[in-house]
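Two complexes, one shared chain (chain A), two partners (chain B, chain C).
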Partner chain A sequence: MKNVATQSTSRHWSQRLLGVERRNWRPALLFVLPAFVLLLSITIYPLVRTLALSFVTLELSVSPVERFNGLGNFTKALTADPRFGNAMLNTAILAVIGVTIQVVLGMALALMASEMGRTRAVWVTLFMIPIMIAPVVSGFQFRVIFNDTFGPLNYLIREVSNGTIRPPPWTASTSTSLLTIMITDIWQWTPFMLLLLLAGLDSLSQEVIEAARVDGANYWQQLIRIKIPILLPILIIGILIRMMDTFKTFDLVVLLTEGGPGSSSETVAYYTYVNGFKFFSMGYTAALAFIQLVVIVVVSRGFLSLQQRQRGDLR
Partner chain B sequence: MNTNKLILRLGLGAILSLALVFFLFPVLWMFLTSFKTQDQIFASPPVLIPPQDQWNLVNYLGALNESGGLQAVRDSLIVAAATALVSVGVGALAAYSLARYRTGGQQFAFWILSTRMFPPVASAIPLFLIFRELKLLDTYWALILANTIFNLPFAIWLLKGFIEELPYELEESALIDGASTFGAFWRVTLPLIRPGIVTALLFTFVFTWNEFMFALLMTRRNVRPLTVMIQSLAGGHEILWAQIAAAGVIAIIPGILLVIFLQRHIVRGLTMGALKN
Partner chain C sequence: MHTSRRWFVLLSIFVVIIAAGVVIAQTEAPQPLGVTEFDLCPTFDPPVTVTVVGDAGHNLAPYQFWQTDFEAMGINIEVVEVPFADVYQKLKTEFVAQTGAFDVVTFYPAYIGDFASNGYLLPLDDFMTREPAGVWDPRQDDVLAPFRELYNKFGGQTYALTIDGDVLVMMYRTDLFNNEEEKAAFQAAYGRELTPPQTWDEWLQVSEFFTRAAGETLAGETLTENFYGSAEFAKRSFSFAWFMNRAASAGVIYFDENMNPGINSPEAIAALQNMVDGLQYAPADVLNFGYDELRDIFIQGRAAMVVQWTDVPKKAADPNQSQIVGNVGVGRVPGTLVGDTIVHRSMMPVGRVVSVAADTDVPEAAFCVAKHIAYNRSLEDVSTALTGLDPYRQSHLDNVGAFAALMGEENAAAYLEGLTQALADGFPEIFIPGSAQYNDALDLEVNRALAGEISAEEALNNVAARWNEITDTLGRDNQIAVWRQALESYRALGLIQ
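And now, the complex of A and B:
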């Protein structure tokens, strides 16, 4: 089955002769064509158009005329736009700190859930719920919870501390606004890590673990020396998926803070949106999009080669 | 040993329950909020459970009628259903070709996967400009197209995995009996991967139903999906918290149903077939 394609061209006249059409490659190309064309329209075409736009000034709110600007947009973004640097930093904080917390919590919960025997399925089902909730709705839920005047969280903090702690106005304070986005993201995606790692734990060979146990390895030794190394490739994929998603963090920002106060909680996706669809600076927005793309490609390449090396080590 | 195990499970169960409080409280609070009056929302101490006579659909009817929820639900349904059908239809064909003929080789399959990494904001500008030129902004078509494109890699990879699990012999015998390639796909493969098709349809439906950014950028007045409605209500001057909560409860129904009915395939779906459970 694996070499159907490689044989198709060299043997297809003989298959004709035998009346066996199964290695006919023409329908195969035809089948893949619609998907190919559609996917080209979000990759190659936008890539070309974004790249072309990134060298011009196009202020749609002023006029539809494009003026060539050379590398101006790029130099502005990388050297003269602290707001973009801030958005990059915020995104990096979400990607590194937020995702790390998701991994650690997800791992702990997966290890616990895997010991639960017959009731496991019930636990897992309940934990799955946040994943499938629209981020817009998650954002709304937490906006109510974090609300300074009527939110249950600040009420609880005031009650428990007997009024001694004055909780911050979470989404409305420059020091906590990004944190609210991170907490909501952790709420939504820790269950994903849990599911992923639980599936990974299930696929571990019981014999290896039994052998380690017989050799006298305790629980933590088994975890650190055996389980985590075997889970590493899955873990890397999970981290990669989540990190790529943080570059898309947009819905939560809009619902929770609108990037504010000031620009304290702006992410790259949100700042790009502001430039494109509030200021209508299409040229500059294109340059921002292109810079993101480069960062994403570099990060994902890094992760994939790391994962490949991991797999190589295990073999 | 057995009592030890029982104690361990009780202890772990207690910790997991605490964790569940964190993961389910926001949903529960939104549900309770959807039955409160505006006064109760601002009350201190907060009203935990609304009085019995308020367990009615007042806020739901308000969200659906006064706030335009009915149109929003209809728009979201149309866009999500059409996106699911188109992306699974196109995706199944491509998946079949990739699984059975290795069309384009490994490289092509990974290129398809990598398009999912493309940041949507980056394609939003060119897509916005095309749709504007084609006069498609603020129509269902713009959203269906944009969402289909972003769900295709998912549908292709998921279905490719399901097809690769089938033995080729069944299709082979159909081909020898004179079926065309499409005939073999349509009559033999498709019925056998029904669980995969259902999984892909439901996932793409929920992803599209939950989608917000394109919905916000590509629509104005004529089309207004539920996510956009919720955001615009939450960004208004006098915020009707209970009505938004009601709209939020309506918005999470498809996702919750997916969790209940598709548990077995959720991990597979979320990792695009990379992991099976």
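And now, the complex of A and C:
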């Protein structure tokens, strides 16, 4: 044991850092250097600079001078800014409820598609259309759909109910504005879950399903006891990707509600943008961005651990 | 061969259609009126390119209208369009990054304090005093005092030239207010004559009276769709201005001499409550109403009255856009009874000015472009329905003939009279550095109250608290100093007592 430790400390730094023989360290370094410089300049430096900014007050509307503020920006965001709290809550609602609905619908559609015969390719292609549309276009499309005066949705509700139901002004009401963003997001991204889960279902061993059927398991038992547990690792990755995306929801907010009425549909990404590019409060914006980063990292870590555990169980 | 010929014919037709479209698009411009006397700048040789930035849409059209003038000066114009709501952030980002992307910048004057104090704009005084005056003098003495002093100057120097004199006016349907049947019904219901509202309380009354459901009768005709007494700009961004019309007329000023907010006074709370109460006579989706929606509901004949910018009467007079041509009255924005006098205040939100960017490589040419739009061709630009630009010079108000071609002599005179009165009632936005934050905080809370999320009192208390936070963050002493300067300007112009 002692020998191993001595051996490891006596290894040349090129072996330890670059994993190459001592005589090859120069060319190895030369090959790595461009990528390292690129990474440093476009990822590491901005990240460190943003972190440094989060500890200062920098109000570009009055002066380009930075004043050290310690943890002031973080304290303000976490304890004294109800608008940020509200934006976090809205984002959490979109992430938890919205993504859950996408999972359920995606699973249902994937199960349907997996049972389809020759027409499956056509249906799956049709289902994929929303995902191919740019979010800007889908946002605009749904803004028209939700319009109270000339939108088709309220027109249909009024026609079908013979005028007895007064549909809400979807994007102009505090109780439905966030819902419009959620509905648009669900419409656009459910096909992603469908695609992912369909690929998972296709890779399921038919022998296992057949064996379950022979043992007398009905459709629901097969689904709950066999298919879903096997699909769980894929499902977790899908949920993680969608949750991270939802956390960044910005374009739909701008197009559908601009965060209103009031602040009823503001998301964290939108509120961060407002602070950065409307108020030019760069220090505070940097702190908000870092809080988001921490939340995303923690959530991702949780999901990845869960996924690893699932994989372990399956093995 | 046969296929090739067919393709050739189709391609030719396509080219002809496109060319015709371009010609039509280019010829849609106001005719030079020959009223304003000016000389063009000496021709730049070699020609220079001037990049102009501004909010996208009809207000950038003048750069197309007067292309031949710019060519005569040896100036090629490149126009960069930015969405209406993104002008500030686009300009600020470019200025901070010192990209030198723009030579002439168009922006809303609320940001002049921010841009001028940070050194992003070139002072224009040196250009304006050059000889010959016909070439260089943009006749600032002709610009109405509030625009000249508040929109164009910072710290006593001129940094910008006004191109759009925004102020709000009240518009109403004269055919409805003059209808005998409606007048009698109003008299019976409210015990007074039906007139355009003078106070905000009367505004509510008249709004209630004219709000009718589909199937009911209005001016002798059965309605096929709901008709509304009034509507408001209730969408986030400028809803605060429609609130401030009410609050300022009740004597509310944003801050006192020491930057203590005056926005949550009992008068301000009552003003916001009035606006909240008025929404019941507007469409259900009024919280989505910005400029476009508020203009359309009026000129499409679905509301009896609105408060809007002064370009809307021009749109209402254009049969291509309006269904109420000849039926539009322009009046003072309602006021508040203070003692035995009705005090009227019209907010002056938005507005547009042009400036020369401090980091431009072609300052002279940029000034020539700015002056051409702000003075030489300004009468043509403000008297057409092809732009949204509003009068801002005394010479604009004196030239009824320029507007008569669009709306007829009588309506033009009434329009300019209403506008003159509105300018006399004018009340400014917050112009000091940090205006984006102050205005946003006010707008957000006003909007929350309009949405019924919180009470008027809670909303305005929130604004006061938030404004104090903003002032502290930006530096209270500095903010107090610039606010006192602003108050002096307001007083000198008679905007406040």
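The definition used in the following text is that the second predicted complex is superposed on the first by the 272 of 315 C-alpha atoms of A that agree within 3 Å, B and C clash if a C-alpha of one lies under 4 Å from a C-alpha of the other, contacts with A are read in each partner's own complex, and residues count from 1 in each chain.
Following the convention adopted for this analysis, contacts are C-beta pairs under 8 Å (C-beta built on N, C-alpha and C of every residue); 3 or more make two chains touch, one makes a residue touch a chain.
Since this is a predicted model, take the numbers as computed values, not measurements.
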{"item": "Chain B versus chain C as contact partner of A:Thr149, first or second or both or neither", "value": "both"}
{"item": "First (chain B), second (chain C), both or neither touched by A:Ile230", "value": "neither"}
{"item": "Of chain B and chain C, the chain that contacts the larger number of chain A residues", "value": "B"}
{"item": "Contacts of A:Pro64 with chain B and chain C, given as first, second, both or neither", "value": "second"}
{"item": "First, second, both or neither for A:Thr174, with chain B first and chain C second", "value": "second"}
{"item": "Partner chain in contact with A:Lys278 - chain B first, chain C second, else both or neither", "value": "second"}
{"item": "A:Ser264 touches, of chain B and chain C: first, second, both or neither?", "value": "second"}
{"item": "Which of chain B and chain C A:Leu201 touches, first, second, both or neither", "value": "neither"}
{"item": "Chain A residues contacted in one complex by chain B, in the other by chain C", "value": "149, 258, 277"}
{"item": "Interface residues, chain A side, partner chain C - complex", "value": "57, 59-64, 83, 147-149, 166, 168-169, 171-174, 258-264, 274, 277-281"}
{"item": "In the complex with chain B, residue positions of chain A that touch it", "value": "1-6, 8, 19-22, 24-25, 27-29, 31-32, 34-36, 38-39, 41-43, 45-46, 49-50, 53, 109, 112-113, 115-117, 119, 121, 123-138, 140-145, 149-150, 152, 155, 159, 187, 190-192, 195-196, 198-200, 202-203, 234, 237, 241, 244, 247-248, 250-251, 254-255, 258, 268-269, 272-273, 276-277, 282, 285-286, 289-290, 292-293, 296-297, 300"}
{"item": "Chain A contact footprint on chain B (complex, rising order)", "value": "8-9, 12-13, 15-16, 19-20, 22-27, 29-30, 33, 41-46, 90-91, 93-94, 96-98, 100-105, 112, 114-115, 117-129, 148-150, 152-153, 156, 168, 171-172, 175-176, 180-182, 184-185, 206, 209-213, 216-217, 227, 230-231, 234-235, 241, 244-245, 248, 251-252, 254-256, 258-260, 263, 266-267, 270-271, 274-277"}
{"item": "Interfacial residue positions of chain C with respect to chain A in the complex", "value": "85, 88-89, 92-93, 96, 114, 117-118, 235-237, 283-288, 433-434, 436-437, 440, 444-445, 447-448, 450-453, 473-475, 478"}
